[in-house]
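Should a chain be cited, it is by its letter among A, B, C, D, E and F, assigned in written order, with residues numbered from 1 in that chain.
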Amino acid sequence: MKTHDAKRVEIFIEAVVERQLTNALIDAGVTGYTVLPVSGGNGQSGPWSREGQIGRGSGMVAVVCIVRPERVDELLEAVFAVVEKQIGMVSVSDAAVVRLEKF
Amino acid sequence: MKTHDAKRVEIFIEAVVERQLTNALIDAGVTGYTVLPVSGGNGQSGPWSREGQIGRGSGMVAVVCIVRPERVDELLEAVFAVVEKQIGMVSVSDAAVVRLEKF
Amino acid sequence: MKTHDAKRVEIFIEAVVERQLTNALIDAGVTGYTVLPVSGGNGQSGPWSREGQIGRGSGMVAVVCIVRPERVDELLEAVFAVVEKQIGMVSVSDAAVVRLEKF
Amino acid sequence: MVDPLDLALTNLGSPIILSFALGLFAALAKSDLSFPEAIAKGLSIYLLFAIGFKGGVAVAAHGMDAQLLAALLVGIAISFLLPLVAFPLLQKLTRLPAVDIAAVAGHYGSISIVTFLAASSLLTANGMEGEGYMVAVAAVMEAPAILTAIWLANRSGRSSAQAGNEFWREILLNGSIVLLLGAFVIGWATGERGLAEIKSFIVDPFKGVLCLFLLDMGLVAGRRLMGSMGLLTRGVAVFGVLMPLVGASIGLAGGLLLGLSLGGVVLLMVLAASASYIAVPAAMRVALPEANPAISLSLALGITFPFNLTVGIPLYLLVASALVGA
Amino acid sequence: MVDPLDLALTNLGSPIILSFALGLFAALAKSDLSFPEAIAKGLSIYLLFAIGFKGGVAVAAHGMDAQLLAALLVGIAISFLLPLVAFPLLQKLTRLPAVDIAAVAGHYGSISIVTFLAASSLLTANGMEGEGYMVAVAAVMEAPAILTAIWLANRSGRSSAQAGNEFWREILLNGSIVLLLGAFVIGWATGERGLAEIKSFIVDPFKGVLCLFLLDMGLVAGRRLMGSMGLLTRGVAVFGVLMPLVGASIGLAGGLLLGLSLGGVVLLMVLAASASYIAVPAAMRVALPEANPAISLSLALGITFPFNLTVGIPLYLLVASALVGA
Amino acid sequence: MVDPLDLALTNLGSPIILSFALGLFAALAKSDLSFPEAIAKGLSIYLLFAIGFKGGVAVAAHGMDAQLLAALLVGIAISFLLPLVAFPLLQKLTRLPAVDIAAVAGHYGSISIVTFLAASSLLTANGMEGEGYMVAVAAVMEAPAILTAIWLANRSGRSSAQAGNEFWREILLNGSIVLLLGAFVIGWATGERGLAEIKSFIVDPFKGVLCLFLLDMGLVAGRRLMGSMGLLTRGVAVFGVLMPLVGASIGLAGGLLLGLSLGGVVLLMVLAASASYIAVPAAMRVALPEANPAISLSLALGITFPFNLTVGIPLYLLVASALVGA
């Protein structure tokens, strides 16, 4: 099947700024993103888990965004405006997609 | 550690056709797949979130499938027979696995 | 944006040994990891789903770990000490991260 | 006779409707108040089980008769026919593509169980429970409209509508139908004795649970409204309040024909007037994936549901009590 | 004396068993009805807390005596010993690898708290509650069988069975044991006064919650059965109904030895006859990862659990009432 | 007069506190007992809705007066001021960075609704319910302290504290505030009639639900304590028990000034003495992301919450009953 080059950007970010991040993504012109729940993790700010939690103060989400390679820089700028001050992790990998119209 | 080339296929697809998709994957001969919950997203058909929802009409899942590189084409054909008409997104990336017998 | 090479290690592992795995990751010196819930899957040991389940005997989690390329071997050794006997799947892909200090 | 104003106020002032309003307000004010998906599903499982069980017990108590069968048939007929009315109405009012019109018509032919619950609750508070088997009527009215919708879509040149195994399972063995009918059968089989065993679970706290559920529905409806302002053109919105009135009239005719009690007539009106936003959307995604799901959902959940809840139900009760009382 | 037929019918016609049957039916019919995992866990937390608490209150009311201690010891002994009976039986009946046989034996030595709940419910409905401390006996019977299973696996050449920290924590501080015993202690400490405070939460709606839970168990059991037809050979299936009878006999002997009340004897039979599908599977994944988890789970949940629920419990009650009445 | 020892024992021996202790024990013993996040949220939705509704009904029953307004104003003032006391105290006791001190101060100016619930429950058990509108006071005391905290952070050279739209929405339309106040208004509007409709849902099982919720809070508090031993230096820990006493004194002064009933005074003390671990942490992550969230949470949840639950509440009741009785 014919595929097209793309970038897969995966952002682990505090749940409390999810809306800020997705707004920034849209402003940066992405055509879509997907949010996955995250149940726990560990990093410089220590281990955490969502088990039994009710507050939104701790806890993260994973936002996955498939974009055309040429858009990734713009996207990263937008993402970092939000992520910079918050706890989180951004990674980018090469990917290929089949339907070009999708993004 | 010795690793072997593989492909990581990630499919975001409407929850309502999850069973159709996984049946298609099995028919295409994949040896395994993993389904992750998705809590929200945005695309051409607008933003959505699973919060407080009860119907299965809206909402997606993520299906991740690690396959041998030579099987990826067959898999994509099978996947697209299902995904084509539905809302969704398919991406493929290079990966490496350690245990060959696993797939 | 300037990015740095990294590896994205994705581990699907039985929920019951999640703690053993994350302890092993920390012992192997990783600076962080993220745990995502998994709702179902299929493999050599058959299909499963977490729907309606209460026991922890079946069911998996996804652990994602972004590491420097040079650390990936050590990490895989540590991971396999745990995964070897359990049901699971480990894959590694190339990635790039922006903030170097994060890992 | 029921005093109209009094009735409307009783309805609007009930904790159930106020909880819905609170949810709506929170969503429109962009509060982050939300129910976890699992809790919303848990509440709905409880409500379907309880209402089904109680319906079955009522049938066990009053005995079964030919009327039950007749009511089921009338309910099925109404569900089959309503999309045929909705389709041309929508064509008049909007410029939506035929496949979207067919999908919307399917939603309005089917029913909203939550609207049914709210109506039952108002009726009970006024001492006019309908026939116990109306729950079963509600269950059988879920699916037929879907078939009509697919036929409409195919007829209008959309030939790829699927009706494979997956589709039939989706509409006939849909979780909410199985739960509602299954609980109905259990209630029927165990009768008053069974009810006595679990009354303090399925009867006593019922109304309170319904409040929380409607709070959640308010949140979901409000968020959907806000996210789909663009879709809801004037014509579409007009349909959202006109169609329930049309449906209620047809339900009224059916109820009078069947000779139901006042409560039963009102419930049939409510069923015909309400639009599905739980079972049908899922079936439509399988059968008519080309239809834009946001249109049907926004209409059914964002316009018709609140309309029925606040204005519709008391209105139908007034009309019915004028005619059934006669 | 209990009338056998009457008893069996009362049991089969209770909303609890019918709810289980509904779940089973929905799963086998491939309906998409399902409970979110969080709801299933929430229901189980409620049930464990409630049953533990009530057991503790009962002990506080009737006072504690040497019999409680004796019952705990007998329970532990039974749990330790049952796998030694199950192992050769399975070897006779099947050709499964030794490590799988050991794992299955461990499941059958342990207990199913849901079966215990269903039995308690039937007993209470017939006015024969067992000793309150049977809840504590249930809790201590969860773990010992696991140790025997590991010993069996090691003896049969499987040397890598682990029993590290993680394992001991898994079997001794397992969430369900801690919750059950913890609630038991709280009930014991606060007694009737504590119960009065939370009675309308943990007593009144209990049976209704149990219905929903068994509906979910029916769904889970049915789906497991369908997904593992290949595993359940005739020999394996025979074991699934034979072993509970063997276990019940041993439980009966223990109960008579202890001089328990009729209800208490039945509960001990049920505990011995039932197989774990919540706590033990998790411990086995840590200790005997080579064992195929699907075999134990399908047997325990797909065959023995429904068998005990429908046939076993009334049977044990009949047998016990013949012998204890004497 | 209340007998001190008796009171303390009643409190410590209540199922509510023992459930918390069980959770704490399970966490410290590294049991895997845990509540799914959705269940914890579901329980908190229930509790907020119930307590808000009941508060509203109480106000509807006793009529509204100037005192309600005065109490709201005093509550707001206390919340604004408390961080100004907490800030220098923390500076004395610890070497934490200013931004962390500001964040902690914000948490202590705000309130813990769970502590409030536990106190209400003890008061009710002793026949001294406070004014119904104290629920509204609790709601308005959540947010002001956050503003003071940001001002403190900015003043100490931290200039980047944001107060954008997202921030204001977070503190004013926070889900828990909207739910609590919304249910309060519904209770007020529907009064005794509305309460009668849903009493068996929001009143009868309330205490039992609170037990399960506190069991979960015990688990969360225990796990947090274990995961943050390094953060809790002696000075920090001292603050965790000193600050509630300071807060309670200020609350006492406010309560006496307002001329509240004994129950009302105690509740105001409890509000002032408790620290937020639900609403404020989220707001702080938006407004002061540089602050280490673990410090505030560990203090508020790991030290002050258990302290208030076990020692604080009975102590405040004793002190208040000496002064209000006079």
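We take it that a residue touches a chain if its C-beta (ideal position, glycine included) is under 8 Å from a C-beta of that chain, and two chains touch if they have at least 3 such contacts.
Fair warning: this is a prediction, and the values are worked out from it, not measured in the lab.
*Asks:* Starting from the defined contact criterion, work out which chains touch chain A and chain F both, please.
*Replies:* Correct list: empty, since no chain touches both.
*Asks:* With respect to inter-chain C-beta contacts, which pair, D-F or C-E, contains the greater number?
*Replies:* D-F
*Asks:* Looking at where chain E touches chain F, is over half of the residue numbers used by both copies, so same, or under half, so different?
*Replies:* Homomeric contact, different residues on each side for the most part.
*Asks:* What whole-Å value do you get for the distance between chain A and chain E if each is reduced to the mean of its CA atoms?
*Replies:* 45
*Asks:* Find the geometric centre of each of chain D and chain E from their Cα atoms only, then give the gap between the two centres in Å, rounded to an integer.
*Replies:* About 41 Å separates the centre of chain D from that of chain E.
*Asks:* Could you please state the distance in Å, as a whole number, between where the Cα atoms of chain B are centred and where those of chain D are centred?
*Replies:* The separation of the two C-alpha centroids amounts to 34 Å.
*Asks:* Note the residues in chain A that touch 2 or more other chains, in rising order.
*Replies:* Correct list: 36-37, 39, 47, 49, 56, 93-94.
*Asks:* Can you tell me which residues of chain D touch two or more of the remaining chains?
*Replies:* If we look for residues of chain D contacting two or more partner chains, we find 32, 34-39, 41-42, 170, 200, 204-205.
*Asks:* Where do chains touch, given as pairs?
*Replies:* A-B, A-C, A-F, B-C, B-D, C-E, D-E, D-F, E-F
*Asks:* Flag every residue of chain A that touches chain C in the complex, lowest number first.
*Replies:* Contacts found on chain A: 10, 12, 36-44, 47, 49, 60, 62, 73, 76-77, 80, 89-94.
*Asks:* Using the touch rule from the top, collect the residues of chain E that touch chain F in their complex.
*Replies:* By the definition above, chain E touches chain F via 36-39, 41-42, 45-46, 49, 53, 169-170, 173-176, 178-179, 182-183, 185-186, 189-190, 194, 197-198, 200-202, 204-205.
*Asks:* For a test of understanding, state which residues of chain E touch chain D in their complex under the given definition.
*Replies:* Going by the criterion above, the answer is residues 13-15, 18-19, 22, 25-26, 29-39, 42, 125, 200, 204-209, 211-212, 215.
*Asks:* What residues of chain C sit close enough to touch chain E in their complex?
*Replies:* 14, 16-17, 19-20, 39, 45-58, 85-87
*Asks:* Within their complex, state which residues of chain E touch chain C.
*Replies:* 34-37, 39-41, 44, 160, 166, 170, 216, 219-220, 223, 227-228, 277-282, 284-286, 289-290, 292-294, 297
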